[in-house]
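The same chain A turns up in both complexes below, where it pairs with chain B and then with chain C.
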Partner chain A sequence: MTRSPVALLAALAALLLVLPLFAGSYALSVATLILYFAYTGQAWNVMTGFAGQLSLGHSLYVGVGAYAAGALFYHYGIGPWAGLWIAILLCVLMGLIIGFLAFRFGISGVYFALLTIAFAEFTRIGFDHLDWLGGPGGMFLKVAQRDQIDLANFRGPPVMYYYTMLAFAGGALALCAWLLRSRAGYYWRAIREDEEAARSLGINAFRWKMLAVAISSAMTAVSGVFFAFYYNNLFPEQIFSINRSIELILGPVIGGLGTLFGPILGAAVLTLLSDGLTDLLAALGWEIPGIKQVFYGVVLLLVVMFLPNGIWPALAKRLGIREAEDR
Partner chain B sequence: MSWDLVANVVVAGVLTGLVYGLMALGLSVIFGVVRVVNFAHGEMMTIAMYSAVLIFGSLKLDPFLVLLPVAAAFFVFGYVLQTGLINPFITRPEHTQFMLLIALAIIMTNALLMLFGPEARSVQVDYQLESFELGGVLLDKVRLYAASVAVVAAASLFAFFRFTLTGKSIRACADNHLGARVVGLNVKRLYGLTFGLGAACVAVAGCAMVLLVDVTPSLGPYYTLLAFVIVIVGGLGSMTGALLGGVLIGVSEALAGLLIAPSAKSMFSFGLLILVLLLRPQGLLGKRS
Partner chain C sequence: MGTPLLEVSGIDKSFRGLQAVARVSFSVEPGHIVALIGPNGAGKTTCFNMIAGTLAPDAGEVRFAGQRIDGLRADRICAAGIGRTFQLVKPFGGLSVLDNVTVGALNREANVPSARRRALGILERLGLADKRRQPAASLTLPDRKRLEVARALATEPRLLLLDEVMAGLRPTETDQMIGFFRKLNEETGLTILLIEHVMRAVMALSREIHVLHHGELIASGSPEEIARHPAVLASYLGEEAL
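Moving on, here comes the complex of A and B:
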């Protein structure tokens, strides 16, 4: 028995649309965070889950995107909607350079993953020495009044950020669903499963992998811009760090690599559980730094050991839902 | 800038680099045999460093004296980790293995953070500031001892792989997995021993390193990346490559710290990593497969 996920999705969308009506400010911030990780996980999933190119340096695109739009706003007062395009352009350019070098020189597997880490780390230290962007001391965007919505400068109350992120996450889901059913999606999966075989069938693996990197980096750039204007402070040490790259991929890996709903489910499970845990511990009077990350690690460990394809494929099977993508 | 200063910095870089080399040797051995990329390598290094700090704090024992017991404990830990947790994963897709070790790395770093907090810890022995002078070049005692320990440990490992039957069996597993099984070697056990040896290398390197730098939990990911840089520059799977790579990175970091800015030193390492990956992915000393 297979059911379409449409009904489930519609119910989820309706719930998320009305959520701000009854959610408090704390719940809203958690929901925004979940949507942020769902969106960014979706972006990473295009490159790694669909096309099989493991990136462990996606913080590079978050950071470059955030700094590009942030700097334009900070120095010239240019709002994020214009800065967004510059951020996307820069990130796609960087992604294509890295992809070109890696794929032309035949770098794959762990070497590719290390190359992505190396570029992110290289950029992190570089940004530490760029005084124009604040260097290690950070760049701080002016925090404007929070009560009225100024969409042009992307300043406003939390609910504005929530709906923006909801739109982005929904858009990313729709885009990925379409991509998976498109020619690119089929070619990517062919390359992921067996690149040699795909090439022998006449698929230009280089070109399609480059497309995956371009789409993934462009989507991640948007996540960076949001980050800049949501948190208003940017430190190279944090935004480009390897820990951030890992944090971004936990959602899709736990939820289900290469699936459509995996990144969303993973982000929700991880954020809700870890926030619940920290709240519980705080209530007990134990506020220990690092405990949340240990929890992330344990969840990742358990999922990798017992549900190697992620939570979503197992759950979908149980619910009788068939997704376009079956790993 | 005087030549004395440059000579001092280069010598210090070589000595520190040998300790880096021993750490990277562990990673290289594990990868060369088990074909598992240990993303928790630097985190294991910090655990060794904290062990040395703890033992020094409670028993006042010099880290050089507790090096062997710590290495033995790490050997057991590595063996158990490999046979209990990692062995079932060796036939699974690469990214699943990565995630397993990344999970372990996250747990290790943050467990250290929970236990010890973010403050830097160090070991202060009474000969900490003493040094030998050799033709105008000052050799810090601790640095010299640490480097000697690293060289001795590395040499013993070479000898083990070259002369003992177990060492030869491990090399057989690395060369030809199927062949090794055909002649009746217990590959899984040998993998366990290999991971144990890699962990023991890290333990020795950690005990030596704790006298050269202060330890914080966040040093773990940094050392993991550093070990990757070293083994890839030297050639993944090559033992001499790992040691020489360590020295190269040690010297280049020391010089970059002197000539450019201390904070820019690892930029050079990552730049080197990118160049080596692109131009000579088998490493400077590695053989083309």
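Moving on, here comes the complex of A and C:
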């Protein structure tokens, strides 16, 4: 029996829409974090899961997006909805430069991944020396009153951030579902599976890979802008760190690379489990630094060993849900 | 004979000093089925790769329908109307059989639904329609060979390059393939250039045969002429092959 994922999705959407009515502020912040990782994972998935170009440097786009919108707000009082476009523009430009260097000169696989890490790393070092952006001391956005919603400047109570992230995550899912069923989705997956065969079928691999990078970096720029206005402090050491890049790809990898629900499921599983673990350890009175990383490692190991395609494909099979259109 | 659809003139290719193909010239008339044969390492696949845009020739020209195509990218050559299969099959393993062929069909179709419809039609003709939902990675080798053909045909080529699509097939499967290509050629006038070791298929299908040996063209002619050609018998077929 095959079921459409639509019913499941409608139930999930309804649940998430009413969640703030009964969730406490802690639960709401966890839910916001899940949506943030679901969205960012979806963005990364376009480039790596769909088009097969392994990026281990997506913290670059989070960081550039965050700093672009943050700096415009900090220095000129320009709100994030205008800053967003500058952030997207800069990130797409960075993505296209990396993509051009790699795809034009035939850099692929692990070498491409190394290139993405290198760009994130030297951007981090560069930002450490940009005093205009606060340098290593960081940049701090003014936190206004938290009880009134000021959507124009994206200042307000946690519930505003929750619903914004919910809208972004929903929008990203819809966009990715549409992309996957379009010509781009077919071409990207063909390139991912075998680039030479894809070329022989008339696909201009360079152009379609560049498109994947552009869309992925544009989407990730939005994550960065949200990050800047949610946390209100930005440090190059943190935001551009490779740990950030790894953290944001774990969701889609564990959930199911190249699938639509994998990034969402992976983000939920990892965030809930790691926060649950932190709570449990706190309740027991154990303070163990780095336990979150150890935990991530163990979960990753278990998933790779027992569910090499991720949790979602296995779960979808059991539930009788098909993501791809099929006749 | 009219103007050839494909005209290969004096193409050369060396790999690190090893001459793989040397001054090879031949042409393929529209509507004909032509075979390229020869022992392993004779340069057949290298010739294919130079026609299909995977490799650029060091010298010489390739013309398709009068236009020079040597050195063009593979995707441009596909768009020009040449479809190819790979000797070492290259299915999109994680994609369903139907999706594999849909990718090819998108080369000509304006949208995904019409591409899927045409892909399904091609799968039906090749007897793969029942397996359309399977991941291509789960197919057996003969089915993978069929999938290669289906995918190449979906791009609507005017010239189809087949690189050993009969290899590894059982005799009955080979006969089915021969029947399929003969029918395809009769009904649509599709021009086919094939590399093949299965001599039964070569003899049954081809109107002309070109023989490569050590990168050079040593003989060209009808199947009857080739079967009696002394140089071909000595280098490839053997005295008692046929």
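Descriptive notes on the structure:
Criterion: the second predicted complex is superposed on the first by the 324 of 327 C-alpha atoms of A that agree within 3 Å, B and C clash if a C-alpha of one lies under 4 Å from a C-alpha of the other, contacts with A are read in each partner's own complex, and residues count from 1 in each chain.
To be clear about the criterion, contacts are C-beta pairs under 8 Å (C-beta built on N, C-alpha and C of every residue); 3 or more make two chains touch, one makes a residue touch a chain.
Given the structure is predicted, the values throughout are model-derived calculations rather than measurements.
Of the two partner chains, chain B is the only one touched by A:118; chain C is not.
When the two structures are aligned on the shared chain, A:64 is found in touch with neither chain B nor chain C. Of the two partner chains, chain B is the only one that A:305 touches; chain C does not reach it. Of the two partner chains placed around the shared chain by superposition, chain B is the only one that A:297 touches, whereas chain C remains out of contact.
Considering which of chain B and chain C touches more of chain A, the answer is B.
Of the two partner chains, chain B is the only one touched by A:101; chain C is not. Of the residues of chain A, not a single one touches chain B in one of the two structures and chain C in the other. For chain B in complex with chain A, the touching residues are 37, 85, 92, 94-96, 98-100, 102-107, 109-114, 117-118, 217, 221, 225, 228-229, 232, 261, 263-264, 266-267, 270-271, 273-274, 277-279, 281.
Residue ranges of chain A in contact with chain C, taken from their complex: 181-183, 186-187, 189-190, 192-194, 196-205, 258, 324, 326-327.
On chain A, the positions that touch chain B within their shared complex are 48, 54, 56, 101, 105-107, 109-111, 113-115, 117-119, 121-122, 125-126, 128-129, 136, 242-243, 246, 253, 257, 288-291, 293-294, 296-298, 300-301, 304-305, 308. Taken in their complex, chain C has these residues touching chain A: 52-54, 73-75, 78-79, 83-84, 86, 90-96, 98-99, 102-104, 106-107, 111-112, 115-116, 120, 133, 151-152, 154-155.
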